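First chain written, first letter: the chains are A, B, C and D, and each begins at residue 1.
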């Protein structure tokens, strides 16, 4: 039987209730505290979970010496201060994506966590999604061949907020692609538009380059009439598409590929062969990803098992967001990424 | 009854036969000559159209003083020399897209055509497609609102050839977007990958900016497991998607839009309203676009009616291709477009 | 302000909780009692709605003289006894579909309700669905033309239970088609298969004929690998398809039709013209249908407004189910429907 | 090298040109004659195939003693007389579906063909389609489990002609299902509507029962706003759907099934388990089916290889059409099928 750990959740607006529900249902988490500055949020939680302690001041959680961990589901601008305070109070931390607003903040939190011997996990929930797990496995298989490029489209109508479309949506694409490729990008070129509010990006295009040579692209938008959530991976032997809007058969693996011809004329004329075979839609693990997130957070604290979204992974995402913004300012010029060493 | 003009087609490989078929079926064109260096191509044409004169040397067409026009359907590297020779021989010219390999070549052909009083039309066939005609009309209507951005995806598995994916595919997207917006872009930022052959781009991403402020993006690829031909236009009042792979209902117009709220809190918090109404898929003109191209070419010669793809329009496309290549070399840096004046 | 009525729900298994939630949220219903023989069901309700009185014996509701109405969400075999007892106790009744197992039972309940001056409403929820409301309106419009035929497909993998697939699924199709056409069928021919259990139909095909001449067909199955919920209406001027599995654009109206030609040769050769115009996907009322059901039930009791699913409508559905079974036994032979007069 | 046989095609309207093209392209067929009463049809053929002998009188083919075979692509009312005359003249015969208008006619042609030692093949082209070949193989595999039922939908807007919708469309569904199951049905129940012309069925529903217990259903219509060509096979272990309108992935095989539970309560409550696994879309043979038809016809004459559409198979289809009409007259009553013995 696993050791029981206690946790408090800070922020009970949009995402917090999902964390509370999953911590509450987990056999080894004691869902103890919820903090939110908004009374309505708190009273909703109170009705469903009468046993949880409620507070408007998240520092009440930090003062509870018996509390093992906090999960922070507040807007990004609060992350740095809250995570730092939690670590200083000796708590392990699960924090919503993106980890922080700046790479420097992320670097400091990493340093602090290490010095205090505490775990930071970033809630890049999608990394625990059955489709992403399948794609990472697939991409690592020899039969997939060389990966040529990855394209991700994440568009729909809405959600405007103070955070721009890059901070709102790109953490998904960047964390997923980093995870699938098992590497961090070396550079980013980005363009963006501020169509509705002249000082807030609502559509953006990111081009990432990886050490292995893979090219990746993300199209992010709050201004599309239809919702698209589609990630394609083109390999030399096989190709895959994950369409998260489909109710079933979300991942399709195509036994298709491009083959170089080696005879002289073909090389001269750039002629290639195409191989077209079966399509396969694997059954995916449909466990709710967040259930696996809270479980992984527990194991990261109680064992030496790494999560799929460590503080390094979270920092890498923030570095890309920051560089993407710099590239947008420089109208698409490539920004080389530089991940701070420990 | 319209005046009958005679035409010769140069190049009878992939696209030429379509030109021959359409000129042959038009009541006011006399489909007189076909030139191709390949005997197999010529003999195929000969069997279907025994009345057409065949030659392996396109200069035979130019020597025919009675011939009014030539249509050039050869690879782009031959365009400049062939169009120039045709103009010098006093012929009107329909030329496949892209017009030339370089803007400077296009400028010279424009100058020559003007000095000789001859017409150059570029075969940007899609501009005569019923869907594009509908989109241009829609985009010009007040009810569509401000156009925010246009996204075009043109991907499939294959066709490798010496020309890269930008020269192969982007002429479609650029000519269509220019036509729909009725303006030429002011700058381009582009990234591309050479995944299969290290010296040949097979995937590319272009970001264009237009004088009116519209942002446009094109994703071009020869390495997608599924074929996508989709162009989305997001306006402030309505939005439209053209999906050319759909067998019917290719254009869908959404009565959806984003509305700014003007109360203080909404402005502060960047809150907007969304309007979601009906969707409408208009019946489109299904006349073969090329039929309308050969008709427009005839009218451009015999009347003062402008075609939808004049030498200026063709030059503008070439300028974007050239700038896109320059941007790729500079890894996404924005290149300002500069269209040579007459 | 509307008069407040009190209601008790009998059955809190699959559908009952939806009734409880909707009665609970309605401003003029006092959601007072819940009865269920299953302790687990009761305790779940008790946690969410501590103010509701719980009982394992539905007769406790009938004994509450202050209770105005009961909603019965139990398997069909209990409907007759429970509705009768409720009417005899002076309650208005909302009852799950189908109203009863036999037409004779339905007739008796109708008689009883009339003699007691109480309302019976059958919970044919779909009649309050925005798509069905739109289809009924459309079908009544002159511009739709003559209705030729209606086809309904309602298939998926599962749900086996003691009730067969006709009693489980056909109440939806029959009630919807009756409502859209505003008439009851005159005959039914049915075939069915008992593929998994030899004494339980799991796939069935019903052909209905209506007084106006309209032909209707329903394909019902628990054995389809994919879920389909699709109803098509072919009219002489327009045609419509309702695809309830689509996340958006559930109803598509096609400006398509068949036109008779009147010239002699066309009549002789049965040649017709097809008109193909725009397609239109109207924005639909997305209010939860059950919210409108509980509201209509309230209005039926407090005003003289008829519901869309009166006891006569419910009886007509039961008569079709019964006749369909008779036809299945007679291997497809047409059974004439005979609705008992008052 | 195969023996060369000569063939003449009777009827060059809608389908005949496809036969002519395929016989013409086959290395072992000499495409010698074409007969058609319509001059326009003949002259079109003459332009494309100057070497083919043309005639308005099909008896000219029969008089050509050197001609080995005729292919008859005329309306069904001419089949009996033409096939009989061809057999009497010593020709092998490929005849369009359906073989004849009546079972008795088909029986006589079978008898005549046997007595003359000649081959009759019916052009049920779909039996040589890669999707049907895959489905037949699949259905025969033990891993597919017991076949529960087959559903076929073949609807679109149009084609009216003197032949009704059952004779026009059902030959496809019946021949395909017979072939996939490798048996002929024992009974049919059918309902039909005559919506546009009161004496011509334009929508029909057929229920077939097979000796193995399989239930099959076909929905046929000329009055659907959208074109559907979909055949579903539900087996106890796996299920398959063939969607012929899809541009790719036409056949999808679902690793889904229904499993009986054998514990007492499950049996009592009719509870079953569902197994949901991967989906697989096999690459299909995309050779044009008619190419394989003309090849099979050649092999049936020159070897003892049976075609997939023998005169017995063709007769079985006609018997179903005839019985379906009888059932329609009797308003759905089941008609037992009785195939005449040799």
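Just so it is clear, a residue touches a chain if its C-beta (ideal position, glycine included) is under 8 Å from a C-beta of that chain, and two chains touch if they have at least 3 such contacts.
Given the structure is predicted, the values throughout are model-derived calculations rather than measurements.
*Asks:* Compared with subunit D, which chain's mean CA position is the farthest off?
*Replies:* Between subunit D and every other chain, the largest centroid distance is to A.
*Asks:* Are the interface residues of subunit C and subunit D largely the same numbers on each copy, more than half shared, or largely different?
*Replies:* same
*Asks:* Can you work out the whole-Å distance between the CA centroids of subunit A and subunit C?
*Replies:* 44
*Asks:* For subunit A versus subunit B, what separation do you get between their C-alpha means, in angstrom?
*Replies:* Result: the chain centres lie 39 Å from each other.
*Asks:* Could you list which residues of subunit C touch at least two other chains?
*Replies:* Within subunit C, the residues that touch at least two other chains are 226, 248, 276.
*Asks:* Sort out for me which residues of subunit A touch subunit D in the complex.
*Replies:* Touch residues, subunit A against subunit D: 248-249, 255, 276-283.
*Asks:* For subunit A, which residues count as touching subunit B in their complex?
*Replies:* 148-149, 151, 157-158, 160-162, 187, 189, 191, 193, 195-197, 200, 202-203, 205, 207, 215, 217, 219, 221, 223-226, 232, 234, 236, 239-241, 254, 256, 258, 260, 269-272, 274, 276, 327, 330-334
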